[in-house]
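We just call them A, B, C, D, E and F in the order they show up, numbering each chain from 1.
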Amino acid sequence: MNHFVHDKGLCESTDIGAGTRIWAFAHVLPGARIGADCNVCDNVYVENDVVVGDRVTIKCGVQLWDGVRLADDVFVGPNVTFTNDPFPRSKAYPEKFAQTVVGPGASLGANCTILPGVTIGRRAMVGAGAVVTKDVPPNAIVVGNPARIVGYVDAGGGEPDTESAVAGVLPASRVPGVELLELTRADDLRGSLVAANFEQDLPFVPRRFFTVFGVPSTDVRGAHAHRKCHQMLVCVQGSVNAVVDDGRSRQEFVLDRPDVGLHMAPMIWGTQYRYSADAVLLVLASDPYDADDYIRDHDTFLAETAHRERVGA
Amino acid sequence: MNHFVHDKGLCESTDIGAGTRIWAFAHVLPGARIGADCNVCDNVYVENDVVVGDRVTIKCGVQLWDGVRLADDVFVGPNVTFTNDPFPRSKAYPEKFAQTVVGPGASLGANCTILPGVTIGRRAMVGAGAVVTKDVPPNAIVVGNPARIVGYVDAGGGEPDTESAVAGVLPASRVPGVELLELTRADDLRGSLVAANFEQDLPFVPRRFFTVFGVPSTDVRGAHAHRKCHQMLVCVQGSVNAVVDDGRSRQEFVLDRPDVGLHMAPMIWGTQYRYSADAVLLVLASDPYDADDYIRDHDTFLAETAHRERVGA
Amino acid sequence: MNHFVHDKGLCESTDIGAGTRIWAFAHVLPGARIGADCNVCDNVYVENDVVVGDRVTIKCGVQLWDGVRLADDVFVGPNVTFTNDPFPRSKAYPEKFAQTVVGPGASLGANCTILPGVTIGRRAMVGAGAVVTKDVPPNAIVVGNPARIVGYVDAGGGEPDTESAVAGVLPASRVPGVELLELTRADDLRGSLVAANFEQDLPFVPRRFFTVFGVPSTDVRGAHAHRKCHQMLVCVQGSVNAVVDDGRSRQEFVLDRPDVGLHMAPMIWGTQYRYSADAVLLVLASDPYDADDYIRDHDTFLAETAHRERVGA
Amino acid sequence: MNHFVHDKGLCESTDIGAGTRIWAFAHVLPGARIGADCNVCDNVYVENDVVVGDRVTIKCGVQLWDGVRLADDVFVGPNVTFTNDPFPRSKAYPEKFAQTVVGPGASLGANCTILPGVTIGRRAMVGAGAVVTKDVPPNAIVVGNPARIVGYVDAGGGEPDTESAVAGVLPASRVPGVELLELTRADDLRGSLVAANFEQDLPFVPRRFFTVFGVPSTDVRGAHAHRKCHQMLVCVQGSVNAVVDDGRSRQEFVLDRPDVGLHMAPMIWGTQYRYSADAVLLVLASDPYDADDYIRDHDTFLAETAHRERVGA
Amino acid sequence: MNHFVHDKGLCESTDIGAGTRIWAFAHVLPGARIGADCNVCDNVYVENDVVVGDRVTIKCGVQLWDGVRLADDVFVGPNVTFTNDPFPRSKAYPEKFAQTVVGPGASLGANCTILPGVTIGRRAMVGAGAVVTKDVPPNAIVVGNPARIVGYVDAGGGEPDTESAVAGVLPASRVPGVELLELTRADDLRGSLVAANFEQDLPFVPRRFFTVFGVPSTDVRGAHAHRKCHQMLVCVQGSVNAVVDDGRSRQEFVLDRPDVGLHMAPMIWGTQYRYSADAVLLVLASDPYDADDYIRDHDTFLAETAHRERVGA
Amino acid sequence: MNHFVHDKGLCESTDIGAGTRIWAFAHVLPGARIGADCNVCDNVYVENDVVVGDRVTIKCGVQLWDGVRLADDVFVGPNVTFTNDPFPRSKAYPEKFAQTVVGPGASLGANCTILPGVTIGRRAMVGAGAVVTKDVPPNAIVVGNPARIVGYVDAGGGEPDTESAVAGVLPASRVPGVELLELTRADDLRGSLVAANFEQDLPFVPRRFFTVFGVPSTDVRGAHAHRKCHQMLVCVQGSVNAVVDDGRSRQEFVLDRPDVGLHMAPMIWGTQYRYSADAVLLVLASDPYDADDYIRDHDTFLAETAHRERVGA
């Protein structure tokens, strides 16, 4: 055996990876599978039908119930609490326990609670003390009870670009394929008007429009990429946060002016969230609706961008 | 002389049309020009620099000051009060009196007040007791102090098409070249989405968009026609009243659903008013902006539609 | 002839009552009927189909058009403007002019405007400069453009009973058959409760309830009396003004506490107005609905109360 | 001994029921009383003055402090945290520890926190991560920090009867003795009116009314049954959720129309909650107030309904 | 006689000043006093107890009732309607008619209505169609029904100093003795703070403060000058318009920033109006309260400033 | 060794004070320093770089990570969860762990979560289940997720002085050097005015003012004492809670009337919190701003008050 078990710990499983350490008062049941180089701290309890990847940290006071799946590089903070039965009653068991999946590189903050059946996306970050009741998208940061998205990892969302704002200058894009456009605007006593001639003023010719509105403010819309379609987002009323991601870098913009368009070229993963109550998002798209043009799975998106890069696309 | 002056009336002008009657205690100064078949009632006073068309009715207690111009078929109710100096002081005279113009067929309701320099459009209707502080567009109905537009003559605005509304059916257009389109809409717990593919779903292919917002609710936007350009109006937030007019008939629509588009073909005079505070109007247009394509004067519009009709356009 | 016409006035009617005076620059057309002891001031104009009662005052600058009917003791202020065509166009006449009726003892304030077809109730008071667009109930005071009811004559509405309010004491009723009842109320952290046992706590046993809500605040509800039915009004949310009237005296109460009931015995004319936007009025009635129990005409009500008094009812 | 203690567990009490299992790193102090067929998981800690019923599940990481009382069939999720001192200071002890009581069949979700002295009702359900600061009524579901009632077990509250709502049809009652009544309603431009004649329109003749208002929206009002009294609830403003329960089945109605009455016959346990801020609930009752007619304890209610059933009442 | 009467006019008074003209269908009763160089137009009616100053213009259709007093240089527009009985009933006369006073140089716009007993201040301007129900301060401009102050003559109120506003620069004072001060302000995430050390930062040392709040937005507060006291006004919440006047020039400031103080030296007539609903005005004064330091009458103020000027104060 | 370790506990540190007890399944790592008379309960885990004072209680299920510092007399409730890395990722370690400091006598309620780097002030009280994301001031009581201040220990904040409120009497101060002053107030239809002459009406002569506004309602402003400066606080709009503290006793006032001033003599520790959204606090101070006059550290304040007492100041 290439793993370590503290002499006050108890490991009944034989499926433990090399370099993994199991500490005092921890208890791993038979059948549990734990990868290599993991750290299972004091007072952790692992049931039978559990699968843990490599390089996972599980801090003190955590239980992994039947049905929990932790991918590689997951961090589980102290006293994090998993569940596997949405409506528990003593001595009443569901036919099958709900499966909880935590994606690669995700972190679960101290003392957070994960409701049954939830999926936590790749590299998402759950804040300490949060109560997670719904799926968490890749890279999202969630906090509170119930947990709400407050930002995206590495997107600079929490840090408004104050200097630009003060100067009235649009922030520069750090993500290739993305840019902010200032549209022609005229204000007078009769009201305001924003306009664009398609051929002259836009980086592509739209062939479709749609509007999004009535979004509960905590909800995420978008969260997909297009293979061929360009989009321009204009928040014509209210405000919305837009995160753009080309698979390598990520940036967050607050769209809160009706005369600013956000152009996203193909193969940009776009996420919109924090809709204000009155937000109306106008989207102009370069192509008619085509379901096959959508990439809705972030891992597929990462694979395709990596492939394109390799083949020089 | 083919006109009549009551023996207790006083007419010092010689420029009075045939069939016109001037009644008791009325007083017309030298130089005033009054057309044929007019009725100038008791206690009316007409200054020198005044021009009145044919078939005009001027009820009791009205004064027409220097600078007033009444076109043919105007009705002036009792005690209607004109003005010609925006900031009157005793014994202080402006260099030139403001000119007040009342268009053909317009009616001024009893006891209304018309501020200096105002133009009242063709067949407009000013409500009794109104105080008119701004120009009144053709066919508009205005009431109150200050006067606000509440509808358009013959447009059915005051009479919502209740039957349609109850049944959830879009009202039928009575104006050729105009139609309401129901756009694809999807509502779910994450919010709502309205979409249109340009080639498939719209009666023309847009090459420009603009949005109108922040309109003070009593103001009119639009009020013009296009010679060649098609437009589709979608009120993506709030509500706005749209009046359409092909020169022969007129109809008013309340645009208050984000999934309804109002298509206006070329040579439709369109007026939008009664913007709700949060209204955002999205307009898709078939052509890039071209100042020469706009007809901004209603009389020109009527002339062009009449001409097109004669030549069979 | 027992009436007087100024030598600069012009009276073409022969149907003028004794003691009536017609002043300079006034003009009465043939057929007009004017009662006794009236005063028709300078610059007044009276058309043919007009009927004026006794003791009526018509100040300068007023016109009475075909269809105007003024009852006895009416006061018409200077420059008051009547109308008889709701949608006037020059040389276009309605089949029949709208009739405007002003009830006995009513007063029309200076420079007010009366729209066609309106009825002004007995002893109502129209404020100076008002524009009256709807019928005015008996005794109501209206002001503004458009005119709104702001009180009732002799009902003390404009004068809140401040002393009582400060002391938290219910105001005493001055109208026999009317009283305010304080209902049992319990407030605690869980909310508030108001209750009444019918037999013990109310002056009659209810056999019907109704609620009134969603009343545009300027509108009047009620305005009728019952011959046999008792009512108790409780404003369970918001506030409403209630005027009570036994045919001799009148009083106005502001109902704005959910624990106060207003009991109205039979033969009390009750009017409710100034509903706040959120007002909900609960009414408990001593009898099932019976259309014959309602007196909806104020003159009938006055006649019946006078009769009851004579016969000692 | 008919119970099991893991060899890494530590049980110092002798009062453990048959079939109960105590697992690794669990520690039960002397004097603690635990019933039969319980499951005491890893890392659980049980103090001396604790009483646990039969068939109770206590998941990992839980401590039961002096003063905790768990009835039969209780489920305690992982890392659930009890307390027994409302204002703890190190080395300062209250005279007596607060007692926390969890009723039969209740479940405490993972990682929830229970404040000292709280009582959790029979079969109530505390959501994962909730912080319970007040008593929880029988069958209530609570979530959040602080915990609020969001529904009732088996009452269908979370699932609005969409089909009925769309069709404008009142939902059918599934609880005998309960029905929804549509009251006569008249809407016109002057506002709305809802009415009922007592003898004709209601299933009982009211002899009392009360109104409830100003309820903080998270609070519960009602929560009792009557032995003889009928009630009709009308939410005349705003909305309120009403749960009815005849001891066998339970149903939840949203009362949000002023023209709908909810009739509850005697021996229906009624609970009202989720009052909107502006809610006003009108209740008509068949009998004057009588304290002896109220059943305020749910267990008593269950006993009486069971008895009535047995004797065929 | 040095005045003119049209041969269709009727003048029964002998107290008419030189150069005054009385036109057709006008009627002046015995006892009326009219000054020199006045113009009394067609259809004007003047009762007995009326006093009119010099250089007054009275346009057509106006009546001056017993009790009306017009100072020199007043302008009365066409169809302006005066009143002298607040609650008129036919044949019922008040003991004494209310007196209406119009100050020197004031103008009454066309068709406005003046309620009984009102005083219109020196050089005030009443808008066309207004209904004046309360006294109008000197130089105020009022419009609407009921009339509200919308600005002050020559104070530039209607013309915000846009250039300054855009640049964030305080507008310069054009009135000697008045200046705007920018106070030290610190904003951070914890909120905002505005501060001033009395000796260092203010042009005088305060010895008194007062706050003004809860002002109905149409009301005027202030409207007085101090003989010795300095004042600094800071609008710490909301906004208020402040007009300053040194007897020669006048200027209007919008105080809407909590970090701007308006210093008014002694002998500045200050008027504050257009309080926003939430406005709180903090005033620091250089002296304790002293009733004798107030000049509350604008004419007295003008006399004192003229005197100070003459004596070189 | 004068401390106790349960035979199922594990203590690898030698730096444990006399009288301290370490219980079953607890684990203390080498290097950890724990004072005297502490209680380290079951399942507690203490890392190496941890310092714990005397008389500290650490209930079950708690981990003390590297960087945690607990002063004397701290209470740590069951399952309380500390953290030391604001953005944890598995196998990625910060250069230095964030230090969490808990002041003397503070209590951390059951199952609360403490974010990295937070300081909890002396005798503060963290509610059960709270998630503490910011520093907690001395004596503050915080609850919720995220935690907000809801009161101050021993300040009577949660218990409004109802009797005084009902009688309209200002509550009496229990803290020497503090008093509430009722300022002169005048209300009339034109609005309200509150005034004070400095010499006559205030207990000191102000030489500075500042206003505080725009405070997010959960934030604390103030929280300092002055050595020489007097202050008077007037909440001129909205409301704010003010806690005063002379080092021995503490009292909380709700300032919600614009005519009440709170006088704080020198050496009073003042804290303001619970600002309403519209709150504007006016402060008059006896001295110009002087940074050296501020005591911003509560421990320094306690030391200085103790010193002054000793020397009889």
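Note that a residue touches a chain if its C-beta (ideal position, glycine included) is under 8 Å from a C-beta of that chain, and two chains touch if they have at least 3 such contacts.
Nothing here was measured: the structure is a model prediction, and the numbers come from that model.
Chemist: What's the minimum number of touch steps needed to get from chain A to chain C?
Modeler: 2
Chemist: Could you name all chains that are in contact with chain C and with chain E at the same time?
Modeler: Both-contact set = B.
Chemist: Fewest touch steps from chain A to chain D?
Modeler: Step count on the best path from chain A to chain D: 1.
Chemist: What's the farthest chain from chain E if centres are computed as the mean of the Cα atoms?
Modeler: Farthest from chain E by mean C-alpha position: D.
Chemist: Counting in whole Å, what is the centre-to-centre distance of chain B and chain F, each centre being its mean C-alpha position?
Modeler: 67
Chemist: Could you put a whole-Å number on the gap between the CA centroids of chain B and chain E?
Modeler: Going by mean C-alpha positions, chain B sits 36 Å from chain E.
Chemist: What is the distance in Å between the mean C-alpha positions of chain B and chain D?
Modeler: Those two chain centres are 64 Å apart.
Chemist: Please list all residues of chain F that touch 2 or more other chains.
Modeler: Residues 25, 43, 61, 79, 111, 145 of chain F each touch two or more of the other chains.
Chemist: Using the definition of touching given at the top, classify the network of chains in this structure as line, ring, star, complete or other.
Modeler: Here the contact pattern is something else, fitting no line, ring, star or complete shape.
Chemist: What's the complete list of touching chain pairs for this entry?
Modeler: A-B, A-D, A-F, B-C, B-E, C-D, C-E, D-F, E-F
Chemist: Could you pull out which chain B residues touch chain C in their complex?
Modeler: Checking each residue of chain B against chain C gives 8, 24-25, 37, 41-43, 55-57, 59-61, 73-75, 77-79, 105, 107, 109-111, 125, 128-130, 143-145.
Chemist: Can you name the residues of chain C that touch chain B in the complex?
Modeler: Residues 10, 25, 27, 43, 45, 61, 63, 65, 79, 81-83, 87-91, 111, 113, 115, 131, 145-146 of chain C touch chain B in their complex.
Chemist: Can you list the chain C residues touching chain D in their complex?
Modeler: Those residues of chain C that touch chain D are 187, 189-200, 206-216, 219-221, 234, 236-237, 258, 275, 278, 280, 282, 284, 288-289.
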